[in-house]
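Order of writing sets the labels: A, B and C. Residues in every chain begin at 1.
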Amino acid sequence: MKENKRKGLAGLLTSDRWSNVTVSVLAIILMLATSSVILLIMGKNPLTAFRSFLQGCGFLPKAKYGGGSGMLSDLFDYLNILAPMLLAAVAFIVAFKTGLFNIGISGQMLLSGFMATILVGYMKELSPWIAKPLVILIGIATGGLLGALIGFLKYKFNIHEVVSTIMVNYIISFTTGFFINTRYVDMLTRSSRICSTASRLTWTKVNIGGVNCNVPLGIVIAIIGAVLVKFIFDKTVFGFELKAVGTSRKCAGYIGVNVGRSIVLSMAFSGIFAGLAGVTYYLGYTNTMVPKTLPGMGYDSIAVALLGNSSPLGAIFASVIVTIFQSGANYMSSSIGVAKEIASLITGILLLFAACGEYMKILGRRKIEKEEDKKIAAMQEARVKGGADK
Amino acid sequence: MDEYIVEMRHITKRFPGIIANDDVSIGIRQGEVFALLGENGAGKSTLMSMLFGMYRPDLGEIYVRGEKVDFHSANDATAKNIGMVHQHFKLVDNYTIAENIVLGVEPMTRKLGFLPAVNMKEANREIEKLSKEYGLEVNPRNLIEDVPVSVRQRVEILKMLYRQAEIMIFDEPTAVLTPSEIEFLLKIIDSLRKAGKTIILITHKIEEIKQIADRCAILCRGKLVDVLDVNSASAQEMANMMVGREVDLVTHKSEPHIGKEVLNVQGLTVLDENKFPVVKDVSFCVRAGEIFAIAGVSGNGQTQIADAVCGLEEAAQGSITLNGQDITHTSIRKRAERGISYIPEDRQSTGTVMDFQLSENLALRRYGREPYSKKGILNFTKIRENAEELIDRYDIRCAQGPKTIMRSMSGGNQQKAIIGREIEEHSDLIIFVQPTRGLDIGAIEKIHNQILAERDRGAAILLISLELSEVMELADTIGVIFSGEMLKIAPASELTRNEVGRYMMGVKEA
Amino acid sequence: MTKVFTDGLSFALPLLIMAVGAIYSEKSGVTNLAIEGFQGFGAFIGALAAILVMPYFAKSSQVPIYIAMIFAAVGGGVYACLHALLCINFKANQVISGVVVNILAVALTTFFTSAANTALTGTASNKFILGVSNRYSIPLLSDIPVIGGLFKKMYPFEWIIIGLVVVFWYLMYKTRYGMRLRACGENPQALDAAGGDVVKTRWIAVIISGALSGIGGICFAYSIMANFSPSIYMGYGYLAIAAMIFGNWNIPATVVVCLVFGLAKAGGQQMCIAMKLPGNYTDLFNMLPYVLTMLLLIFFSKRNHPPQASGQPWDQSRR
């Protein structure tokens, strides 16, 4: 640590233990700086903007609250978005560790949300104790099967998962859109009809400390999921083999890992988390589905995963940050009058800097090498001079 | 001041962590064949890369034709009529020979009087002419992917000629060739010398230097040891200087104690991805205590045989039996458990997971067994202990012990790790593919002794090597493969080096 | 039947020009999933330019369309620099870079469309209304029975695209730059050793890729969309990539694939109209190109030979 302090930022970027954290923190700082510049150009005070994001999420108190709501209700709403975001990020991480890009999280979320909505959400008179587990199961099954399909196509027909997931995304978007429009549409909102309270993964209007809160069930699932994934990849034979497939497919085959099976399993595993993200998003947060619209969260989760250095625990912290901008956007927009689309712009910028992470590490390494080189050069020159003196 | 065409004075080049060249000074005369002798990592290639403009020296000066030069890129060197044939050919597979040669200096024409286009007709004609002039026997219209390695090398030579190179650097040119191809190449080099070209030959093979070179500079660990007149120095002398200590040029091998049959391959045929047979109806057997070596030129199906035996490739036809049990359709892992160890050719992408720690790499064969894992949960303490043991026993040099990331280790130490891991399985059959490629003499010596020790323990050894000298030194039985067919199997004592070389060229009856 | 041909072509050609863009990038060794973002950003710049110049022209004038196309090419090319910078200089993972560039394009264009609308008109709409380009028939060719439909009611941009495809085919297969470009994607070391500049070659290729995609995007905006809005991100960029894959990274083969896509989509729509199905059913037919892509991928993916060095960052120190 002493050594690192002396070498400053370059040292932090190259040290085994700190480099990933440093890269993420740097990416966040750069993102804050860039978005401040954008806000300044638009004539807004960035500090007020960032404060209003935090206020919108219930981290800071707002100027005033409507009847029955308070800081705590904002915080719970924030957790309600955080849950699917974290689950989706974990979904991306699971595939990524096996060397696969699950760009189809949006589609997997959409279809599992759709299946759970029509199978359970519209079923009347179901006990919540049956409905809620059923919703979760349907999410797991739909997402898992879809993921397995992608893995199978990759292994059997050599179809790159990025292309196939994107095609499947659009197919799902059009098909579910068609069914929602023809069968399940609410004529007033032009979205699907809302799900029954029993099936929702959120307890609505729970009175805590005098304010009404929507308590999300999903956040518990999400945190358990993240920890579980960490355990699997760090401690088990199964995770070890998946990582081997992810880093060197050839070597994994050589030591006898069934590579095809690993690819299918990993995509299925990833799909399960995407499915869970789908049901927590559609039956926990939105409660309705807009036809022909893929959830942007499926892509934002990639930002979260990258920012968290594709580690499940890193993803928890990264999703906490990214969700602030997503969840606080409405309040920010209404309080300082900037279009709420700036939230996705900020996420995009963050994603951009997170993608530069490797380059930051290279820069750090180069700087240290240069310094060491200078030392050696100085030593050599001294030696050459010494030789000449003799 | 001599009549040197190239002079390099007090050259020093550092790379992070190592000094590749340390105050090296050499001078090369017009029209001679000048050899650079040294082990892998001695700094020969680095030195010549600087002459070719690919790196810049940290200290020191380069003079070409008496004029001080400062090359920033290979283009600058080409402009001074310097050319280089790299160890790994720099060719585009799906381009024709002519296209490869003119790439970068394309002759232009105008189609319909105004559209700029590359003039391939002109290029083909020119290259045909050059090829005839120097006896290179190359058809400019062939695709690179369709021609053998020796022709590819001649394409590289033509590339230099086409760019009017006068000073030609050859980096380990014979490493990929058969004995008769080597003869042919040396003849070409000789005719280039007669045409007045200056040749610099980088090599670690003393015999070649004896055969063709006029003078020879010896490098050891980045430092210049001496510059010799080839005629006045002995081979043993040169070898000692190169390694920096007394070396044994002969391996000491005891009589084999041959036991029961371990591996039996019958009528094996392997297809490539285009369903084209790359191994055709091959049969052989390897017995306990025997080293069975497959000799052959690269790309004749030998690696596919190894892959088929261990299960990485599917056998389209034929059977493979291990200790009397049919394993033709058994999974890779089951085969390994039944007693096959495999040291693959590609140690970096197949033999190891480069981004994993050394301890994990050393456990790649055993992580699924107790005590390294129990009920699917890994035991990292045991894995670390296993690594500490192997690091010690096989003298694996690693900066941070078991935690070292594989990628950061040297090639020789990576190979030591793989060999250690595989030998520790105490398998009945051990397959070695190119076990010493790219390693220095000291490491080669050690690995050869390990292979012999395993043989003497009673293991059956299948050795696949492109180095004919390695095959001749170690084998008890030799099989020669050509174009996927096993042309000859005979006890090593009954075959001479030249006979094996002829079979490698596909001559059926010698 | 004629409508199938005219609609088919007007869908196939913008798709084709994007696919050619993708081929340029991949042949140079840069995997390009960013086509979707390139076309959207290019279309955004083009549409913005059109909105700004429209007041100076007569209402029916077609000139803004051509100005928009030029600006779309410039916008796509400039935006592509981001992908080039990440992939070539920063050595980022090229698949991730593509995804990042796409997400950022959606965010940037959505945000700045409403920002621009607020500044120009005072309403925060996320659309630039562009209208649809005029159509023209080729006199003699369009009278040929059956295939004459291919030459009826064409958008002028279709002719521009056909011209561009020919030019860029020639550039890739006949010229010095093309020869170096293809070498660069197969074996950059070979090009480097022969004195070519790998970094420069790849940069140019990625910028061409962006410019061509931008043209594709604005053509969609001026035909099937009739405006610029976030709905430009319909996944056509990915369809172009799929077309490139079936075309085996070969321009003439990709032309055929794009035509098949276009005709399938237009055919589906006409069938829907002929069967008098309600409007919602068009969604099912809009899905056709994607389903077709999946099916074709299943049959063709195994035999593909992508450029060998595609996806690998070029590292000069590893020669």
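Just so we're on the same page, a residue touches a chain if its C-beta (ideal position, glycine included) is under 8 Å from a C-beta of that chain, and two chains touch if they have at least 3 such contacts.
Every value quoted in this text rests on a predicted model; they were computed, and no experiment measured them.
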item	value
Chain contact topology (line, ring, star, complete or other)	complete
Which of A-C and B-C has more C-beta pairs touching across its chains	A-C
Chain B-chain C separation of Cα centroids, rounded to whole Å	45
Distance from the mean Cα position of chain C to that of chain A, given in whole angstrom	29
Residue numbers on chain C that touch chain B, as the complex places them	170, 174-176, 179-180, 182-183, 186-187, 189-196, 308, 319
Residue numbers on chain C that touch chain A, as the complex places them	33, 82, 86, 89-93, 95-97, 99-100, 103-104, 106-108, 110-111, 114-115, 118, 124, 126, 234-235, 238, 241-242, 245, 280-281, 283-284, 286-287, 290-291, 293-294, 297-298, 301-302, 304
Of all residues in chain B, those that touch chain A in their complex	12, 14, 16, 19, 23, 58-59, 310-312, 331-334, 336, 342, 344, 346, 349-356, 360, 364-365, 367-368, 373, 376-378
Chain C contact footprint on chain A (complex, rising order)	42, 101, 103, 153, 157-160, 162-164, 166-171, 174-175, 177-178, 181-182, 292, 299-300, 302-303, 306, 339, 341-342, 344-345, 347-349, 351-352, 355-356, 358-359, 362
Residues on chain B engaged by chain C in the complex (per definition of touch)	54, 73-75, 78, 84, 86, 88, 90-95, 99-100, 103-106, 108, 111, 115-118, 159
